[in-house]
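Two complexes follow with chain A in common, the first pairing it with chain B and the second with chain C.
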Partner chain A sequence: MTVRNTPNGFHLNDAGRRIIVDPVTRIEGHMRCEVNIDEDNIIRNAISSGTMWRGLEVILKGRDPRDAWAFVQRICGVCTGTHALTSVRAVEDALKIKIPENANSIRNLMQLSLQVQDHLVHFYHLHALDWVNPVNALKADPNATSLLQQSISPHNPKSSPGYFRDTQNRLQKFVESGQLGPFKNGYWTNPAYLLPPEADLMAVTHYLEALDFQKDIMKIRTIFGGKDPHPNWLVGGVPCAINIDGVGATGAINMERLNLVSSIIDRTITFIDQVYIPDLLAIAKFYKGWMYGGGISGQSLLSYGDIPDDANDYSASNLLMPRGAIINGDLTKVHEVDLRDPEQIKEFVPHSWYKYPDESKGLHPWDGITEPHYSLGPNAKGTRTHIEELDEAAKYSWIKAPRWRGHAMEVGPLARYVIGYAQGNKEITEQINFVLKTLDVPVTALFSTLGRTAARGLEAQWAAGKMRYFMDKLITNIKAGDLATANVTKWDPETWPESVKGVGFTEAPRGALAHWLKIENTKIANYQCVVPTTWNGSPRDEQGNIGAFEAALMNTKVERPEEPVEILRTLHSFDPCLACSTHIMGPDGAELTQVKVR
Partner chain B sequence: MTETFYDVMRRQGITRRSFLKFCSLTAASLGLAPSFAPKIAHAMETKPRIPVLWLHGLECTCCSESFIRSGHPLAKDVILSMLSLDYDDTIMAAAGHNAEAIVTEIVEKYKGNYILAVEGNPPLAEDGMYCIIGGKPFVEQLKYAAESCKAIISWGSCASWGCVQAAKPNPTRATPVHKVPGLANKPIIKVPGCPPIAEVMTAVVAYLLTFDKLPTLDRQGRPQMFYSQRIHDKCYRRPHFDAGQFVEHWDDEAARQGHCLYKMGCKGPTTYNACSTVRWNEGVSFPIQSGHGCIGCSEDGFWDKGSFYERLTDINQFGIEANADAVGGTAAALVGAGIAAHAGLTALNRAKQPGAEKQ
Partner chain C sequence: MTKPQHILLLGIGNVLWADEGFGVRVIEHLQKNYRFPEQVQVMDGGTQGVYLVEHVQAANVLVVFDAVDYGLSEGTLKCIENEEVPKFLGAKKMSLHQTGFQEVLAMADMLGQYPEHLLLIGVQPVELDDYGGSLRPQVKAQIQSAIDIALKYLADFGVSAEVVSVYNAITDPVLDIQRYEQERPTATEACRIGDERILQSEAFEVRPLVSPEELRLKVDIDYRGKY
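Right, the complex of A and B next:
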């Protein structure tokens, strides 16, 4: 039995019964979670383990830096594009390439559409079933659902009793068929589900409606990038050319294409305002007594910022998404974040399945090392290829433990919103105050599972509005006669210096994302990604600090230990992306490769 | 448990008229004549919803993300009415033991009568522990589910070829489904692409259900209805290629007029896929239409065929291993060489014309 206090303020006790969730579903990639609960079913110890590793950065070594975006884009097909954007920014930083204004606006439109679609899909298709019980929806009176809908979203035309009755009929027949498909083996009799039937029916109806609608948002990326998932990007700008009324304009971004983008933006804003936000608030009202899951969100938060207003200026004042760090719960002070400073971001591996020469020290991504080293601790149960219980005192995850000035940090929509709130960002403050007032909860309510989920919705709403802003900006710039979308002056590798390094960053839907690379003799010499789920899902570090997932699970009551919906709820509130979180390489990774580094 | 697709639709309050319309649309989306619609209707009236286990190995989930972008049929209708998607860890409500129990239940209850869909692939290095499901190597789950399935769908380039994690030096020994040692000998339909086109994915499903047989596969195991021709063969910019009108630099005048991207590295001439016809996201566009060359994402080993911006002639990748892949690669390279000769000739002809420089 181990009982101890972590430096970041959690009291761990592994004496109670161990509950294991593996696979954790409705996430991207593969993860495992283990907790110990006490006699009152309260979580007193939590372990989050990333259970996949692909080694993408190892693969990147020796490749053409202009190709890197396509490789790293395949780190994740859910937050598709954000790695690619991070990569082209890193290469442009290294080679000092300036992109045209139009390219900046188009990239922002693509990134913002991802934010909206990803948040929407997360809320309805990955997270909703933690709060919404589709089986209970069968008991609803469609008239009651209709009244509820009209009361929370008076402008939504799809609110008739017949509309909801259709969904209910469809659901009824689906359930009666005995083939429950994705709803099979859910915890549908668990008392942790609190919605009345009419709210469940409304939410299930919108589950289906959102599934239909989300695909339209991504058409914006197909227009500019040719396909989605995994659209095309370009070092130096964007690959699509603009031609409004010249010869051959049908072969480029023209008036018809711009109109299509514009109409999708309008419909997106409507959907978020009339469906997503009202649903979020309606569901939150029923759960506002469930204030678990805060973890470290009230003390340590990090954001790199994103969405540069003007092209090529990545300073905090030009970024529309906030940048900064909060530590020790002091919201009065937002610290500056410098990705190049070797003292700020470091990664540790004493509890990760990697080897360092000296594991008491962390390494900045420029100097990162990755040597996979799978092993289980002496107290693990099971075998090497059949794990029954992990030993968290030893190595237990394919995720490294990044720390900012030694602190485990939470990243993501809640981090961005709290940092923006602390900085007095007007739009963010207005949105947060509206929610707090509507739900009649204090600001501390933000630091919870529900707060994370609410911040994601607010950010989707914000991002949809900013799509309109950048669309207008793009049109204005074109109107002024600027058609440029790419800067090709440094396209030819012969124009490059022999040895350079760069860093690029974005705010992925799940949080702060950065890539560090070194280019030598026109090829990639080193490529390193530190991604949102590496921050949030990190295992313990050498000081014993627990990461954001583990912290958020602590002290939560689990109604039925054999049906741990509360664990899923809190983990899902981070929107984990495991394929993202688990690959790293460094100079010493070379021994893994057979690629010749020129 | 013998409920048919038609039963389900009818019981969902869908009229026979709407049902028949759906069948016509399905026929159209498969590229079939309207006369096929009654056959589809008949098939759907007499078949139960087939269980599907959709497993995930090393992957990025882009295949699932693509799948939910399908416009015809809608992903919603596939999930609620066409299949019984009993296991898919990306969207399923169940987790942990409850999720694992579903795999066992389907395997035992529907022996020989369920589809195994695989997204991603298993790593074989480190005893498979680079991808762990339920504490065990993913490859075990894959082999177990394959043993009793009716057929396997290898979604995307990961399951079909290995894709990005199998690019050199393939640190985890990520292995495509058909090359997994000890895997049960089952029919495998490869639907490559990174990801595959949404409507191609749902059309393959609809074809299986409608005709109750595997689609005709080419020598590499891909449905020939979507993968038998090169993107170049049906590219709307092909006339510019034939006319020798090429983009020379990003965002040049030729780019703004939508000329051919061959010189910018387009792999359309060696890539077998439906992008230039079906297009992406309900036909909105495809890579070439949006100004970037094809990167060949549905081809075996496309990550290791040189830069995406090198012209196909620069490709240098034969002779390392004499296997079927190398032979395929050589054939592709020969096609490339033919194109280069063609392009060279066109350029020569153009050089003879006064004012050719300006174009």
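Right, the complex of A and C next:
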């Protein structure tokens, strides 16, 4: 038994039963969580482990830096475009390539559309089922659902009893046929579900509506990226020409295409205002007593910032999405973040399956080493190829431990929103105050699983508004006669210096993302990605600080250990870039049940 | 049968994990060498999940290419149709995008638009745990057979393809199978394995490089400056 206080303020005790949450998929990277619960089923120790080698860095070695975006976009099935954008920015930074204004606006439109779509899909198609019970929706009175809908969103025209009855009938048909489809893995009898049936029916109806709507948002990236699902990117700008008087749907961007984008943006704004935000608030009202999952969100937060207003200026004042760091819970001071400063971001490996020459020290990503070293600690259970229980005192994760000035940090929508709030960002402050007032909760309520979920919804609303801004900016610029979309003056590698380095960053939907690269003799010599789930899913560091996932699980009560819906809520609230399955282990090590987690 | 309005040929998988890339490589080959009538769409679905729903909904006929672990001998092709597909995919743990694809099918069904005809052409993978690696020869050799099966299936709907000889870059040129294989860093530069489930020994196993003889159909085209 180990009892210990971490430097970042958590009291760990591994005496109780261990719940193992272990995913078994390979494509986007595995994640495993283990927690110890005490006799009252409260989590007293938490371990987050990346159980899969992601060697993207090394397969890029020796390749052409102009090609890196196409590889990184295949890392994951969800955040494709944002990796590609980060990559082209890193190369442009290294080679000092300036992109045209139109390219900046178009990239922002693509990035913002990804934010909106990802947040929407996350809320309705991954996270909602942690709060909404579709089976319970069958018991709802469609008339009551209609009244509820009209009360929370008076301008939403889709509110008739017949509309909700249709969904109910469709759902009934699914249940009767025995194929619950996407709903089949839930814990639908768990008392953790608190919504009345009419709210469940409303949310399930919007699950379907959002599924139908989200595909429109993607058209924005198809139009500007030339194709879908894997849009094209280009070092130096965007790979689409503008020919405003052109006709037809193929080739260059013309007025008809721009009008289509514009109408999608309008419909997106309406959908978020009339459906997403009202649903979020309605659901939150029923769960506002469930204030678990804050972790380090009240103390250590990091955002690199994104969405440059003017092209080529990546300073904090030009970034519309906030940039900064908060440490020690001091919201009165937002620290400046410099991705080039070797003293700020460092990755540590004492608990990661990598080898450094001196593991007491961290390495800045430009000097990063990705040398695998797999070993299990003496207290691990199982075998090397089938781990039953990890030993967190030793190396236990394929994820490195990134730290900002030595602090474990949370990244993502909540981090961005708290930083924006602390900086006095007018739009963000207004949004947050509106939510706090509507729900009648104090600002500290933000530091929770629900706070993370709320921040994501607010950010989707913000991002949709900013799409309108950049669309107008793009059209104004085009009308003024500027049609440039790419700068290819440095396309030829012969124009490049022999040895350069660069860093590119974005705010991916799930948090701060950066790629650091070194180019030598026109080829990639080193490439290091620090992805949002590296920050949030980080293992312990050499000081024993726990990471954001680990911290967020601490002190949560799990009503039924064999149905750990509370663990899923909190892990899902980070929108982790992975998919997983859970194995719940009994005290004797026997597997009680297996459920899929996404 | 009457001519369907919309046919989707969809390849799914991850090209970075050796035989996982089978579906995507079939699509690449189709895009390079065949031209279809307008109602046929040929799509590299990668590892996308929910984002593929609309394409599945829009299709009357859907043909999916993928690597699927049937427990058969290496490189064996197996086809399953219509209602067998979701049932099969749900039966055994495979990879995320497949679990995801089963959900994509369920979502399309819930939205009330499901392909009338669905064919899954799966290949039994030889090797998945080879990060940055390409298709193994037994799997690569099945690309044309998988295409032939699909073409025969489409012929039943009165749809035929034209074989073309002029390369037209629709796919990401940088992920083109030949460049992907030839520009791969060596195993010493880039560790290729690491999932603990395949780490059987104390030391990492290093697999030999694919020999140049195995790289067929070399096409020497410079895609630079196309933009």
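By our rule, the second predicted complex is superposed on the first by the 563 of 598 C-alpha atoms of A that agree within 3 Å, B and C clash if a C-alpha of one lies under 4 Å from a C-alpha of the other, contacts with A are read in each partner's own complex, and residues count from 1 in each chain.
In the analysis below, a contact is a pair of C-beta atoms (placed from the backbone, for glycine too) under 8 Å apart; a residue touches a chain by one contact, two chains touch by 3 or more.
Computed from a prediction, not measured in an experiment: that's the story for all the values here.
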{"item": "Side-by-side fit of chain B and chain C on chain A, or clash", "value": "clash"}
{"item": "Chain B versus chain C, judged by how many residues of chain A each one touches", "value": "B"}
{"item": "Partner chain(s) touched by A:Met218 [first = chain B, second = chain C, both, neither]", "value": "both"}
{"item": "First (chain B), second (chain C), both or neither touched by A:Leu483", "value": "first"}
{"item": "Which of chain B and chain C A:His230 touches, first, second, both or neither", "value": "both"}
{"item": "Contacts of A:Arg32 with chain B and chain C, given as first, second, both or neither", "value": "first"}
{"item": "First, second, both or neither for A:Gly382, with chain B first and chain C second", "value": "first"}
{"item": "Touched partner set for A:Lys426, first chain B, second chain C, both or neither", "value": "neither"}
{"item": "First, second, both or neither for A:Ile59, with chain B first and chain C second", "value": "both"}
{"item": "Which superposed partner A:Trp491 touches (first chain B, second chain C, both, neither)", "value": "both"}
{"item": "Chain B versus chain C as contact partner of A:Arg170, first or second or both or neither", "value": "both"}
{"item": "Listed stretches 1-9, 55-63, 91-99 or 343-351 of chain B, narrowed to the one that overlaps chain C", "value": "55-63"}
{"item": "Chain A positions touched by chain B in one structure and by chain C in the second", "value": "24-28, 30, 51-53, 55-56, 58-59, 63-64, 67, 70-71, 74-78, 80, 121, 125, 170, 174, 179, 181-182, 208, 211-212, 214-215, 218, 227, 229-230, 232, 234, 239, 372, 374, 384-387, 398, 486, 488, 491, 579"}
{"item": "Contact footprint of chain A on chain B as seen in their complex", "value": "1, 3, 8, 11-13, 49, 51, 56, 58-66, 68-71, 74-76, 79-80, 83-86, 88-96, 98-102, 123, 126-138, 163-165, 167-172, 174, 194-195, 197-198, 237, 249-251, 255-259, 275, 280-282, 284-292, 295, 297, 303, 307-309"}
{"item": "Parts of chain C lying in touch with chain A, wherever the complex brings them together", "value": "14-17, 20, 43-54, 86, 93, 95-97, 99-100, 103, 106-107, 109-112, 128, 131-132, 170, 172, 174-175, 183-185, 189-200, 204, 224-225, 227"}
{"item": "Residue numbers on chain A that touch chain C, as the complex places them", "value": "24-28, 30, 51-53, 55-56, 58-64, 67, 70-71, 74-78, 80, 121, 125, 170, 174, 179, 181-182, 208, 211-212, 214-215, 218, 227, 229-230, 232, 234, 239, 353, 371-372, 374, 384-387, 398, 486, 488, 491, 579, 581, 596"}
{"item": "Complex contacts: residues of chain A adjacent to chain B", "value": "20-30, 32, 51-56, 58-59, 63-64, 66-67, 70-71, 74-78, 80, 121, 125-126, 129, 166, 169-170, 173-174, 176-187, 208, 211-212, 214-215, 218-219, 222-232, 234, 236-237, 239-243, 246-252, 260, 372, 374, 382, 384-388, 398, 483-486, 488, 491, 563-564, 568, 579, 592-595"}
